[in-house]
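Chains: A, B, C and D, in written order; residue numbering restarts at 1 for each.
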């Protein structure tokens, strides 16, 4: 499921050698955070910008990477949204200022972005893109009014604090001679630093350093920032400690299983969520089938608690192109049916438990239940390893409206179960979620009932 | 692992509407059988050919597909080999003959191909490609000497029999007004027919019909052939029944888990192989880790027998581009390390059983064992859900030479274990394999000891 | 020769049908004004932008044009400069403002652009490009502070007047529902309006309307502007009449021979310049050879006065790509020799008059003289149908510095003749130029001596 | 006008360095002979083939050329025909034979090609392309039956003689270690050899050696052949001397003005044809206007004899893309009007003589006459500097059928004049043509009346 405008950032400076292949590889490792567009900006004094729509392997192939010079670089992958898949919104965003270039890559969302933009435009500001990133860049430049190469770590942080407090931002800037990175004080999005043999780097997830030879990996705390120069780095605090609002969906869905965000391993957390879900929602069944790829860990946790055997009853096709010509009116097959393929002997005559990480719109689940029935399932029970999503995300942009949330359409589980055509549907409880993650430090905003714990 | 020149074919005729998107989708479903090149040839009286190096989504994107006319079409995906990745060898292969066009797509290998080619060349024959496919086409044309639209189903079959008996061939021809398909009498490679609402089709695997609305799916038997016309089809026998030599590697590795080749489901067969392997080679361990993606089903079978818990301890990155710039000498990371990523908390301090489908060269396994050790594994045991591969494939072209086979380098398991740096290595026995598949009807040629059962 | 940053603009609104193919064709007709980059921006309420480096046929092929919607459109071709051939500087330039899009295309140069930019940047303004066009856009938006769809023809003109007087600008804006076009009060660059059966349009030259069915073509006067709406247009004056500074190089070199800029036909003007040059600088010779393509009309004028026979002694190769691999050290052939090819029998043993439109750097001329000698010319006399260029252009950006001007390096014609290795070199006199064009109304700034006539 | 399937070939071996950029440049110089497709084949022992549809600059850009290895290379440009612009027919054509590769490029036409092909196909031969070139290759291979590296210069020539006498062929082969080139005994098409500092080369025209440092250029005579090895070359005769049939259209239209084919300069020949035409067909007029580009030399000759002043009254647009979207029904402008643009002041109120090199279909001429009238011409007289074309070419493939020839539709000049809407139309007489070229040695087959002089 997709709730937020999720993205991935990477940046850093090489000790020696060009940085472009390192950034490219970092983006490969972060590709799961966004497949709409990719880009990087590299250089030393001057920078060159390379971005476009599509996967990293298409936008930034080796043939393009090999000609990109410079030790300093930042990169970005952007999540695919319906509305505004404009190439202009691809990141990094670069401008010229006082005979220098400066570029920015951003993962997160600015609070009250629309109002802030309207206000600035009425003051005569112009925007080339429709993204928040341009607004952040503008603010920093307007306030500091000096060449980017002279920007100091904390003063940039202060501009961010003064203008964007309450928003979600993991940001990286490349200026001549420096890379500057910031994690917002509430800490919605993760940010990591890596001292490697190759140089110093930051990234949205620690698993994005896999292609390096890491000496030390540090999770940047909420309200902390990093300055990287050619042969040094500095991590410091630019905002006072406050209560955190770490996005719990980073663990439920966004991050890679082998990442360790917010101090804990993602895969193991998902297994735990699956176990807890099994504990709370027992079911008599013959086989547990994960909804691939993201539901596997939770399904495995469910298995470990319930002792129902696991089977890969749904095969995921990774090769299918993103859009499909529907070949003639006769063809009624949709995207789900082309990407998720049932393995009949696993299903036929069996009582099935389908385990998924989350349930937002419900349309995919309905399709999958039908597939199961068509393949001969005797019963189909759905278990969701996270609570009901009852509200849109305040820090997201490309979210379903409240009306699109299945939890909004079907207040009672019985109705929802009927809609999805399952034999039963059960969620992890909100209390169960808190048992796994803890009572405080997390943003639980989108989940049912006992909201705003912090 | 990769042993043979594995490929995938698709073809058929629409009842109404253009065939190109149907072929494209069929190739998406067969992409696992070959990622080197893709192509299709469509038309009615005249044909147009579209092929190139790369994945289906790159070579045959919607933008290209939408302009391709015709109800008749065949397509092909080709396996990536080192030596001869020439675009010229991409299939289908099309020629003009007697004012008509005819095209062919082929999955398999001709016996004594090199000698046969040399002999023909000495008679003055010329070849544009280095593939067997061109030779098959030439033979059929030379013998029949009449316009392809007049070729009859059985006479083409007779030419194939007369010249290529002993080889492996699932072949599909497109001629004006007809599609003709053949499976060799020994039945090395699978071939399926599908009567669908959209029309009549053939494909290497039954799962390639997923995007259609199938009415009836039939596995073409060894020595059988199919003729498809605009509104009819005919399945008949062109060769006498003989002992079969179905390639057991179709189940062990090549085919998709949701396919049902040679009369049995691939996923379930792999689970059974894993169970049998666990039965024969018990081990005391904390966790079973599958080598993804192909080792999962066997690992799951191992788990079902051994009751050791399964964990996804190795994450597979599907996003990484095929080639990598090695960024500076400092970077010692190789391809395996970028594609297979250990999840540390699953591994640390644990006794691990790594389960894979087969072991051919051994280099990847060695890398993975090292990763496990680095992630803190206490013990690493390797279990292979198929017997030792001790010989190259007579029906393959792009196989490791005997010297590259790890079983050839290390006769004794103890030496092999030491080389791979594992705590133990164990294979499914040849008898175990036969227990799963049966004594006859299969090609067991490449496996240890009791060869040539048939 | 190339002196200024010369560009071409096109814009307008269709009565019915989409505008993109009309803009594309207009740009084909203006391609001679700029080959570095091309772009267009089309729409109705919303706009889409399409631009890139290269010729119109490469950047805006039919395959791209056919998907571009909208009745309103503007386009631009940009002249190829060494330094800043950044794609970012391609035009049109589009921004979002108050929930609308607005785009601009500009032919000309802003006076004191660098100082103005610096000042704005110190006030916190950011620029994405390094072009003047962005600055013009910013100024208009900042001053008007209202949705582009509400911009009025004259108020935009007033902003231009207030900020950019003294500069050269033929500008066209596309806003939702309207196209607005302006010619600066001094009238450096041409601008035309066309009422056609297809709709209403503006362009840098009247020959850019060739693909239309024109009903009426009007040259926009200096200080005039045009508003085009879906079914109407209005031409009015936004600046007081003043002395004009029409760029004489539009006739000497920039514009197309079949255009009628500044009230006179370009081809006929060049013929007249050639005649005048022949009158002033007679020479005894066997044959007149034009330096193709731009020198032909002047050479023909020279012939008509001198009665020396004309021959195409230099063949121009239009097919050669823009860059060349120099194939090995042995190859000493440069670009001129690949583009200009002598026809030996025309040259051998003859006294040659080479006629060109202008002489700026002198390097090409030197090469051509050598070719003539090698082909057996007895004498080579150079006649230039315009006066010496002794100063850079105040309204240009990509000009040779004064040091690169051959007139600067060789004050005395004798030295210049020696450098170029010709038998004689002679220019049209400045008085001769004024005889053809008239004493006032023109910018003669870059020519020798009696400058600043106006 | 276009009568034959005209093409250009280039080939040779470098003394040192790679050959690909040299072949690429040779093809740039031959681009006028064919714009449909381009290709080259380079290597030493092994060859790589690179070809496609489009101009040399698109198919073989520097970015592609720079990776092509080898000292030996041949290249081809192909003329654009309506029917069979299949990429498959692009040349060179390469095959594998006896573990070697051999490639061929061909300019000309095989006599009775269709019958010969049919016969071979009935013997079981298969053709991949529809071009004669493949047939020539097949014949040579079939007869010689030995590795291409062992082919001897004369034995290949003998195969050509035995099978293709009567046809037009300038052929170049690349085999491992050698380049072999042949000109047919009748000598329809030109062929040149060049000893240069860079190595030894052959080409369709001598002007194709412009990018080299030639030491010696030799026109290969009809019936002669050339063998080039790494450090030597040999020109010899493989066919007895016979009467020649040099294609007179090479001078009238095909070849470049700066080439010297069949022993005479093309430009000067065209001037002479124009003079002779003026002599035979005097007219009282104010201005001579050439139909650009190919009619210029003839028009200039016409001027030199008639003393009527020349003017560039029609401007040719070289920038226009090849295909055009017709933008809406209102637009009635066709291709001619977009490529040929009248310069009104040259035409208005004048009696015009339009001079063109030849008149085949007459459709373009009619368009141009209309343009002239619309631009205000008082009279429009057409003068054609070659005789009436009354027959199709026996050695051409892509020719108008006899019915398409305007001379066939309008037997009487008066009718033709009326059709074209001119005031008068006059051709150079056949006798006039022979005065310029001589009575024998030429193919005059397509011209009026006294055919088959040889």
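Just a few scattered comments:
One rule holds for everything that comes next: contacts are C-beta pairs under 8 Å (C-beta built on N, C-alpha and C of every residue); 3 or more make two chains touch, one makes a residue touch a chain.
Here the structure is a predicted model, which means the values were calculated and not measured.
Common neighbours of chain A and chain D under the contact rule above are B, C. Chain centres here are Cα averages; for chain C and chain D they lie 35 Å apart. Chain D has its Cα centroid 49 Å from the Cα centroid of chain B.
Taking the mean of the C-alpha atoms as each chain's centre, chain B and chain C sit 60 Å apart.
Shown here, the protein chains touch around one cycle, each chain meeting exactly two partners. Chains touching one another form the pairs A-B, A-C, B-D, C-D. Residues 49, 88, 94-98, 118, 121-124, 126-130, 137-138, 141-143, 145 of chain D are the ones touching chain B in the complex.
The touching residues of chain B, when paired with chain A in their complex, are 14, 16-18, 21-22, 24-25, 28-29, 31-32, 55-57, 61-62, 65-66, 197-198, 207, 210-213, 256-258, 260, 265, 267-268, 271, 296-297, 300, 303-304, 309-312, 315, 317-328, 330-333, 337-338, 341-346.
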